[in-house]
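Common to both upcoming complexes is chain A, partnered first by chain B, then by chain C.
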Partner chain A sequence: MITRTLLRAFDGKTSLVVAILITIAIAVPASNLYLPVGHPLRVPNHFVPLLGKYLTYAMLALALDLVWGYCGILSLGHGAFFALGGYAMGMYLMRQIGDRGVYANPILPDFMVFLNYQELPWFWYGFDMFWFAAIMVVLVPGLLAFVFGWFAFRSRVTGVYLSIITQAMTYALLLAFFRNDMGFGGNNGLTDFKDILGAPLQAGSTRAALFAASAIALALSFIVCSAIVRSKLGKVLVAVRDAESRTRFLGYRVDNYKLFAFTASAVIAGIAGALYVPQVGIINPGEFAPANSIEIVIWTAVGGRGTLVGPIVGAVLVNAGKSWFTGVFPEFWLFALGGLFVAVTLFLPKGIVGALAQGWTALKARRVSARAEDGSDAAPEPSPAE
Partner chain B sequence: MDQNHPPLLYLDGVSVSFDGFKAINNLSLIVQHGELQAIIGPNGAGKTTMMDIITGKTRPDEGEVFFAGDVDLTRLDEAAIAELGIGRKFQKPTVFESHTVWDNLELALKKPRDVFSAWFYHPSEEDVGRLEDILATIRLTERREELAANLSHGQKQWLEIGMLLAQDPKLLLVDEPVAGMTDAETVETAKLLREIAKSRSVVVVEHDMSFIRDLAARVTVLAEGSVLAQGSLDHVSADPRVIESYLGR
Partner chain C sequence: MRGRWPAGQKGARKSENIPSAVDTKTMHPTCLIRTLLVALALLFTTSSAFAQDVEALVNALPEGGYSDREKVIFDLAATGDERVAGLLDALGEGDLYVREEDGRVVAGKRAGRDYALTDALTGEELGTAPSSALEKIRVNNRLRRAVRSAIGQLTLMSPSPPVRLRAARSLLRNADPDSLELLGTALAAETDPQVKKMMETARAAIIIKTDAGIEEKAAAIDLLAARGDREALAMLTGAHSSAAPELQPVIERGIAGIERKLAMWDGLQNVWYGLSLGSVLLLAAIGLAITFGVMGVINMAHGEIVMLGAYTTFAVQQVIRTSFPGLFDYSLAIALPLAFLVTALVGIAIERGIIRWLYGRPLETLLATWGLSLFLQQTVRTIFGPNNREVGNPSWMSGAFDLAGLSITWNRLWIIVFALVVFAVLLAVLNRTPLGLQMRAVTQNRRMASSMGIRTPWVDAMTFGLGSGIAGMAGVALSQIDNVSPNLGQSYIIDSFMVVVFGGVGNLWGTLVGALTLGVANKFLEPYAGAVLAKIFILVFIILFIQRRPRGLFALKGRAVDA
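This part shows the complex of A and B:
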């Protein structure tokens, strides 16, 4: 039964998307590592982590789309799950530094020595082991989403009220992580990482591997999301989005469905955050900023919510635009982003991918009717010439 | 109440008020097994509110609501009541517009409602056959792949009735099914509901007198939140209080 559900995930265009992602996972690292410097097809060194970062953003937008596009829950706090996954990875990377820090303390990260910590806080235990950190990457965002969702969905908080409390959640975390006495490096966050699983983070091969891991993780998330939205579970989510109380009267426990989608989405966002941190080399409380979570919504809206490809396209395009813009007119980026959001809302309510899909369907319908009109339709019986 | 043969649905002394206004006032009502009952009454009489109470959307301030003898509906939520076998058709047709006709029926089909059963659900041949039968009953076979949003008003009403059939409830509550239907559609709908009532209890709320006549059901007249009269259509239409409060208008 489970295999059949997984196979169904590959209906439609999923196999194509997964094939493209796997190709990228191989081609970008290979071109960077094996083509000589100066070759026109070589991906330059600084591009590899940049593209890798886009892929983690794409994963984050995909996660948001599962709850927003398919289940109608507009979360304005998804940045929090991403950041928590990032912090879990950052804690592992900090402990990997060992005695190579400025203060050469074998156990305590530099910021703790600086703040006169005598011993490692209990919640840092275990983060010297990768497997433990990896479990936390999934568990912490997942658990927070589960507990938050449990209360919010059971008390039937919906619509704009839910959006507001998700903003409040990420804002509260922002304030908490800013504090030095929380034990997460305060304002500066976690940085100066040296290596991951024993491989130096600065090495081209490590960056290539992280890029490939991001592409594969995105492909796997895509398969999972596809398996969800193509199943009856996915149809119930859409039903909840469109007519929540009707779904209840059919006997579905709407809160459980929302809780499932919200938690699954938070886990995907957390994994994305964990892949993001080693590629950008830092995680700080700024990642919890409410504005970050709103940006994720914009990527998803631009690409096309309620489609699985849309958020990926949106995240990559908007962030490529941001990289370019902040290089050329840094002060105008927020205006450009706001303008883009308004334009998309007005002119492309279904986003880029939604508009393309619509155009494609219309074109096909025109072709079919045109063919039917001039009688060149491949009909089995010869039709009389007109 | 006869303890050995309790009625399917039993409401006694039910009241509910909204901001001091008594929408339902000491209402008592019984629905027997396999009965087709029509409920009429002027606008604002509390017909929809009564359905809200039975289906767990609104909690009564006072009174008892029992299903199949001893299940206290006032303690259960919408999903639990639906799972017990009470299906509801809303006054305004509410189908899932961005799903196809087929998917609407598949969602309604009586199956385990938990998240993981839904995720790993694959329709069996039996399920497919059942849905095809329902499609034929509600005359939508030709449009099975159409999005529900593209159906006409009357077709949406039928799709919603089809969804109730797929739920296979013991009790069906139908709120103004023929509002906005053509005369021909209205006649068809009465036929459909009589057909459905052969194997379960059906409660129909309606204004349309010729439709009620077609249903040939026992009639309960509701006014200002309580029962005014009960009996055959001819019996209640002769009742002076009914004429004054409703028919006379």
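This part shows the complex of A and C:
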């Protein structure tokens, strides 16, 4: 049944996006690995992890769009799920270092030796195995989102209040992870990773593989999200977004629908975080900062919430802009980002993709009426709640 | 918020009030009598005639062996001459030399390759000399001890009460049994009740260490227990193990008494710190209570408006420092209305330019104002630089005073007062003025208010301006206790939202109660959990609290709320 739901997700547009992503997943690593250095089409070495980072950000924005664009829950704490997934992966990478650390302790990571830990804290057990870490990447953010959402949605915390308590959640986690006593490396976080699944992280082939993994993970999340959105459940989510009370009065258990969307979204965010960490090489409490979570919201808003392609476009565009800006005018990046926030909310409430889609349907409608033909009944994009 | 107490020069100023130099010119008649008494008493402790000329004694210093020198030191102390203290200090430090050309005793400090010389007694400048022209007056450990005790004598007999108080306090810390006799003499001559009490306590601390009688020791223990501070506690705990069995219960009772008293003062101190933190939270949140509570606008740039207020203070002080240094004590009084004006205008501009297009879309407002906050931060960073800016305390806000064991800093006290005044004024504006009436009308039913002839756009702009202006005034106050940097606002924004949401949106009283509760709770948790965990607990508590009461402590009731 699940396969049928997933298959139904493949209409023309989804197939196109997935095809593009898979092409990227193959083309970028191939051009980096097999084209000679200096070839005009070769992707430079440092670009591979950078592009991979954008893809994980895109996945994160996609996750946020699922709750914000389709369910009307503005989470200002999605960075927390991303970071938790990242920490789970970071812990695995830490354990992989083994006795190659500065202090050459075969069990304890360097920072624990430095902080005089005598033995491994219990929550670090099992992270020497990849499968365990992979489960944790999904489980920890998912569980946190489930518990948090269960409490919040059941007591009908909505709108701005929900946004503020999600922000409080990520802020509390930020403070907690900054503590050295927590056993997660304090403000230095986890870093100095050596290899993943036996492959050295610095090697070009590992980086290429991680890039391909990110692109494929993004494609898979896109399929899952589009399956969710197109299913009956997705329609109920949109109904919750547009008229929550009415949906409840029609007999739907609104809380459960919201909880599902929130948890699924957190899991996708966690996986994105897990792919992010090996490509950037560090995870620290700064990822929990409320400002980061708000930035995710702006990627989604720029691209267009309520469309699944939008957040991917937005995340890649904004982050590419950020890389370029911080390289060329580091002083002005915050001006640009601030201006972007204001401009998008004032002038582009549907984002780039939303505006393009609107223009496209308007154009098509005009052509249709001009030719007085029938046949094309393209459904307009669902518009987000005002 | 971060619990940063003014460090460095902000805190150091209070020490200027304590006179350090001893004023010899204004010798009071009682002082003369004291000097005589002291001199008489010292006749017994030191065997030499005290009337010897000070200069002669100084010149006798280099002669003879260490034991002769020790005698001279005590003779010098016996003169009671104020200048001797400095000389003895120099001797203890090994800075006294004999100039070989005339045998004069001088104090020398290294200055480059030579020594800068001053007269040992008068401090008169004597030029420089190479080390070959000087011979050091050597001291050993025994002499150093003698010097210390001699200085103790001198200061304990000083005509200035603060100097005597300090000497007694240092005796209390050292509790050197050799000083007992000297202390007794000083006590007999003491007239100042405060100094006398300190001396008695010091004497008690010494007696515990000596092999005095049980009765006497018990009295001393009671005296120490009555002092009731951590020092006394440490002394009693130290004495406990070695004390005679009869004394053990007395000491234990004393320790228990002190601990009880300390716990009570700790509690009071925590309440005070909590109120102080609460008032800071109140100041930061009260402007938000208007824009968020009354207007339903999520203003994420609120913290940055607070920051603008703090920078206004900085700019005002900069102008005063360069042009009108005499006005420095009034700088805050000048900065307050200016900060209100500047931030109110910025607020009105924000409302007219951005927020009015987004009414009814709270989540979009949140994003737009967040963008604005980044913009404002970067603007301030570009103009004033990324570093902390120095905002000084006017004299009436620096320093601290003791209120029965509580140390209360003036700036914290003024900020509490200021926060309450702002709260009261705001309450009056909302409830007693036409603007307040119109604001409430627009909040409750915009369309009806509009049909009654209220210009709702104007009221919106004014409300936002008022909220922002109050945030700016909060910035003036916060500049006194926190670092003024472009990040000032960010550290307050989350806490402000917590306060408003906890207290209940749309209710100023809720904000007051919320701010003070969170402040006091935070400070009571800190000793057990540490500052960071305390804050985490508070955040988790608020998250859980919102589940129970989604609309805060004092929720508005009625249909309009759900709209």
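The definition used in the following text is that the second predicted complex is superposed on the first by the 369 of 386 C-alpha atoms of A that agree within 3 Å, B and C clash if a C-alpha of one lies under 4 Å from a C-alpha of the other, contacts with A are read in each partner's own complex, and residues count from 1 in each chain.
We adopt the following convention: a contact is a pair of C-beta atoms (placed from the backbone, for glycine too) under 8 Å apart; a residue touches a chain by one contact, two chains touch by 3 or more.
Since we're looking at a predicted model, the values are computed, not measured.
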* To do: Look at A:I164 in the shared chain and tell me whether it touches chain B only, chain C only, both, or neither; answer first, second, both or neither.
  => second
* To do: Once the structures are superposed on A, label A:S155 by its partner contacts, choosing first (chain B), second (chain C), both or neither.
  => second
* For A:I2, decide between first (touching chain B), second (touching chain C), both and neither. => first
* Asked: Hey, is it chain B or chain C that touches more of chain A?
  -> C
* State whether A:V236 touches chain B only (first), chain C only (second), both chains, or neither. => first
* To do: Return first, second, both or neither, reflecting whether A:Q118 touches chain B, chain C, both chains, or no partner chain.
  => neither
* In the complex formed with chain B, which residues of chain A make contact? -> 1-2, 4-5, 227-228, 231-233, 235-236, 238-239, 242-243, 245-246, 248-254, 256-257, 260
* Asked: chain C touches which residues of chain A in the complex?
  -> 74, 148, 151-152, 154-161, 163-165, 167-169, 171-172, 175-176, 178-179, 290-291, 294, 297-298, 301, 331-332, 334-335, 337-342, 344-346, 349, 386
* Asked: For chain C, which residues count as touching chain A in their complex?
  -> 298, 354, 357-358, 360-368, 370-379, 381-382, 490, 494, 497-498, 501, 532-533, 535-536, 539-540, 542-544, 546-548, 550
* Asked: Taking the complex as given, what residues does chain B use to touch chain A?
  -> 55, 57, 77-79, 82-83, 87-88, 90, 94-99, 103, 106-108, 113-115, 118-122, 163, 167
